[in-house]
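Here it is, the structure, as structure tokens.
The first chain written gets the first letter, and so on, giving A, B, C and D; residue counts start at 1 in each chain.
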Amino acid sequence: MFMNIVITILSGIALLVVAFIFTVTLEGIARKIEARIQRRYGPPFWQNFIDIFKSLTKYSISHGFIFDFGILMALGGTIATVFFIPAGSLAVFPGIDNVFVVIYLLAIGLLGMAMSAVGSGNPNASIGIGRALAQMLGYELPFMIVILGVFFHHGTSSLSDLVSIQIAQGAYNVWLMPIGGVVAFVSLIGMLGKKPFDTFIAPAEIASGPLVEYSGKYLGMLMIQHAFATFIEIGLFVNLFLGGGRTLWEFLLKFLIVYFSIVIISATIPRFRVEQAIKFYWKWPLILSFVQVIIVVFVMGRR
Amino acid sequence: MSNEHKAWERVANMLRSRSLWMLYYCTGCGAIELPPTMTSRFDMERLGIGPMATPRQADILLITGYLSTKTLRRVIYSYEQMQSPKYIVGFGSCTLNGGIYYDSYATINKLDLYVPVDLYLAGCMPRPEAIVSGFTALMSKIDKGEANGWKEYQEKNDWFKRNQIEALGEVYVHDEFHE
Amino acid sequence: MSILFVLAASLFAAPLFFLVSKLKKSVAYMAYAAFQVLVFLYVFFWGGTGSSYEVVGITSKLNFNFSMTSVNWFFASIVMLIISTTAVFMFPLKKSPVKVFLLSLVTAGALGAVFSADFLTLMIFWEISTWSSLLLIIQDKEKSTGEAIKYAAIAAVGSYSMLFAIFYMDSRLGTVEFSSVALKIESQPIGVQLTIFIALAIMVLAKMGSFPLHTWLRGSHSSAPDEFSPILSGGLTKLGGFLLFIMSIALPSFKGFGNLPILNGIPIVNYGFALLGGISIVVGTVMAIRMEDAKELIAFSTVSNSGYIVLALSIGGTYATAGGMMHILNHALASAAMFMAIAAVAYRTRTTKMHEMGGLIVKMPVTFAVYLVAIISVAGIPPTSGFVSKWLIYQQLVENGLPFLAFAAFFGSIGSFMYVFKPLAGIFLGQLKPEHEKVREAPLIMLAPMTLLTLLTIFWGVFPSNAIRSINRITESIGGGTVDVTFSRIVALTGEWDSVLVTTVFAIGFAISLLIFIRAKRARKVDLLDNYTGGDFLYTAELYHFSYRMYRPFDRLFEKWPSMENWLSSTSEKIKELGALLKAVFFNRNPQVYIALTVIVILGAFWWLR
Amino acid sequence: MNSMNEILKEVMAISGEFSVKEVTARESIIFVETSRLNAILEILKRKGFSHLSLITGVDRIEDGVFEVFYTLFRWETGEALLVKSSVSRDAPVITTVMHLWPTARFYERDVHEFFGIVFDGNPDLKPLILENWKEIPPMRKDFDPQKYSNEHFPDRHYGSEFLVEGGGENE
């Protein structure tokens, strides 16, 4: 009994370190890709590490208790969710890493940041948070309907079981449910808040939205939270639809491919308005997700 | 300072020099030189310098050209909202000695009387090459730990405040648009 | 010490409190609160000892039957918990003898309804509490009679349909007892079962405030006195849950409608009823997002959450039933805590309009904490009990594969992030309004019940097994499946999760971020006047608190949608004109027309009744 | 569409002679005393010069007068007309034209701030651009900006080392 507690703790720490280092380097490379698309060189790929640690060394201001507590809640919730994402062979809680728990634990992070941003009393922040929550209603629905189909077909909603089923079956869910895979990919772009759907942190319109009053260490902590959130969301997609990977490296490779395709898409598309984004998500992705789920439930049936 | 603290400070300076965030606040005519510096021709981002929307997140405040008394009040307010360590870069001769507006009733002639300036860029207005070389000079200055304008502002604060009151009468003004 | 004694005591206590409060209000209120708490403790701790059954004969056929099974105990303890905490909570609020009389009548009615063993007693006691709540709504605000009439009209629709169901049952089955009806109903033809089911369903929809009959909730809540709203949304709507449970789970509606067309495992009638619940989730969420008054917003969140309960209990199955019952408990706790927090704020600031307040976290931190935990539970986020019930409902939706109901459930839970956050941002965060400078924290007597509800929400969130075991006892008693629960882990068909583990992992994450926070340089505290405003100076900070129509882009999406309330008010206009026409035709002045009409009616009655 | 000269003749017929100086085919200047200024502007507006594009002032300190310019513009033909009138420097008061063009309110406020000309009838002669300005209106020729700048904004004193080495150490 004591041994597997030590193993879970060690694999938990390993997962955190892998998640942090891998995602932040990936974000650095993504900045280089975006620069190349704009025909310039872009910063070195370890630039994001420097930005994070520079912010942590700076002085900062605080707008009171809820401003601090919200950030701690955001980072704490997101770190807690990272433990529930199996990364290839590195699964910290095999069997009890339920997808609904992951999605709703991620909501703690959003709620914490929302409280702290509005607690700063800046109108830009409240407008940004209003947009973020409204947009969440847009991209979350198609994703949830599609994964409902996945759980119905495989009869389980635990991530590690889904991964082992897909590996054993040899067929990834993206081949079994191609429409579902496309819909999940599109709502993944919304989840990450990448270019077409980043109205809530629009620097030109609302002075980077919720981030307007964060300085120094708060900014560093939020950048760490953003890195972990990216790892969770893309890890969720890879595990659910691309079979997660037998070894850690296979998982990381799939993670990299998905991330760079999103970066390339987001580097070339201008920003949506919020109601356009919601209307977009409630039109095609939602209809396609219903089509997919009906196919799965009534045609394919259980595995 | 204990040598452990000094070592930590050296690492921090190395980090600060390679990641400078510039505030989106174009106070004068030199601001038009910044887009070419940021975009693909001169690509300021490869030095780790990028634009930021709010003073809370920014490290550098660019005073790009002549500085009227009204703008100086807003510059002081934004500078105090920025978080130290923070640096100010003065563009062109108008911030050095008043430039062609030396005899105007509205513009100030010597910027570092009111806010501590870490780097001046000569030229009316400095072209992108001058700006990039200026930034690399600022980066090496930060790396060596000599860019301490923000410490000066804290230590000699009353001297700065006295100059500001002399030139502006009062910094926080009530105007008709904000009642 | 049987149920009868408790019921009789609470019924006769009502006039007693009225007389006492005529002399000394505070003594009456204290006695009322003490009585309610006593009843709650008695009911809660007495329940576990098996079931007892008592009959009160009034005429040969008409008698009241009361029973104390695990179902009665579960609902009785929830309703009494809400009523007793509100009784303690309302001490500082405005007191009046009529109010304490009506409140104790409401309690007596609710208690009787919850202990009932047959539809008739349930109906009678339920009407006692409905009528007294009807009078209670118009106590505070002057112009609230319109809202009360709307509530009375819709409640009447419900009670008449239930009355019809009772008489129909009596004529067809010969009995109205739950257990005997359950036995006899299978042998009946489909038509009979269908009419009973639909008639009872209308009563449930009316009293719980679900989709077609939800328009009364907003008006009655916004005009009800602050101390009555928690009881109305936490307690009385749960009686609807009690009837729903009896109707769809106790009377085996699944076997009864077995031979109707099945939609992956659910008979078409139940699926239609669940669909109504789903629509009520979506309507409640969308309307709640657009409200500007905190009490109306929470009223619509009650509409949305009662939609969840209707959806869960009508699709049946082990996990949806457990989820539905757990959701009744969670929503009772959470909405009572939310209403109490808003009432505490209104007690101090005299308003419930969100954009007239701001920054009250500085003045009322404990109320903020209570409200925060309540909205985390309503939004269904893990460390609180709200997530447990939603998770169970999702398991059943996944198990049966119901995409449209699942869409409504997901829409409700994600939409709830938006409308629960709006009062938090509008009332507690942002800059403090100058007139609220002297506002103090709510009195201790108000804070105690609120914190009790919060601790219960967190306790059942971290250790749901405690609540689920008592629900298992209920489902076992009527032969349903049970959710197997270890100390911290809940196991369902399509996955399991460990609530204690989730909470500890969240605590570890919180500790790591606290470590980073402390390791870095201390932050300089700055008040909300020193904000980034594009370089310009900020003097009237409270103008910068953005909370009026916080989700404008979302509102613009739903501007052109038809609204249920306008449709209903236009139909009521038409009915009024029709009434005027009839009045002109039949009720003219000369008496002969009256005599002729009455004769025709009597003849018709005789012909029909032969 | 009658040309500008015919319009001016009609105006002269109504309100008496005034001198006209033609700058280009489509632009000319007319000199009017302040007493007739309002009537002529009103007639010109009716005759087609509907757009007031600018009010500005010139300080003729040697003649002791302020000249106030009203630049009118005619959309149909694209002709511009400068109506010039002068006001004495020591009592610079002129009636407002806000009743003809509401936008004149800000032009008059600007001219009042920088020349000190009072437009009676304009309710809103607050300072428009300068903040906390205590001196005399700065556009007047008897105001010395150099002296103000030296008093309020000290200059950088270039010591000998700057001139000799030509700023070597900035590399």
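Following the convention adopted for this analysis, contacts are C-beta pairs under 8 Å (C-beta built on N, C-alpha and C of every residue); 3 or more make two chains touch, one makes a residue touch a chain.
Because the structure is a prediction, the values reported are computed rather than measured.
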Q: Name the most central chain, where centre means the mean of Cα atoms.
A: A
Q. Considering A-C alongside B-C, which chain pair is linked by more C-beta pairs in contact?
A. A-C
Q. Just how far, in Å, is the C-alpha centre of subunit C from the one of subunit B?
A. 59
Q. In angstrom, rounded to a whole number, how far apart do the mean CA points of subunit C and subunit D lie?
A. 72
Q. In whole angstrom, what separates the CA-based centres of subunit A and subunit C?
A. 35
Q | Where subunit D touches two or more other chains at once, by residue number | A | none
Q) So which stretches of subunit C touch two or more other chains? A) 530, 532
Q: Could you check subunit B for residues that touch two or more other chains and list them?
A: 54, 56, 173
Q: Sort out which chains touch which and give me every pair.
A: A-B, A-C, B-C, B-D
Q. Where on subunit B does subunit A make contact in their complex?
A. 12, 15-16, 18-19, 24, 39-41, 43, 45-48, 51-54, 56-57, 59, 83-85
Q: Show which residues of subunit A lie in contact with subunit B when the two form their complex.
A: 31, 35, 38-44, 47, 50-51, 53-54, 57-61, 203-204, 207-208, 211-216, 219
**Q.** Interface residues, subunit B side, partner subunit D - complex
**A.** 69-70, 73, 96-98, 102-110, 113, 120, 122, 166-170, 173, 175-176
Q | Of all residues in subunit A, those that touch subunit C in their complex | A | 56-66, 68, 71-73, 75-80, 83-84, 93, 95-96, 98-101, 104-105, 107-108, 110-111, 114-115, 118-124, 126-127, 129-131, 133-134, 136-137, 140-141, 144-145, 148-149, 151-152, 155-158, 161, 207, 212-213, 216-218, 220-221, 224, 273-275, 278-279, 290, 293-294, 296-298
Q | Sites on subunit C touched by subunit B in the complex | A | 530, 532, 535-540
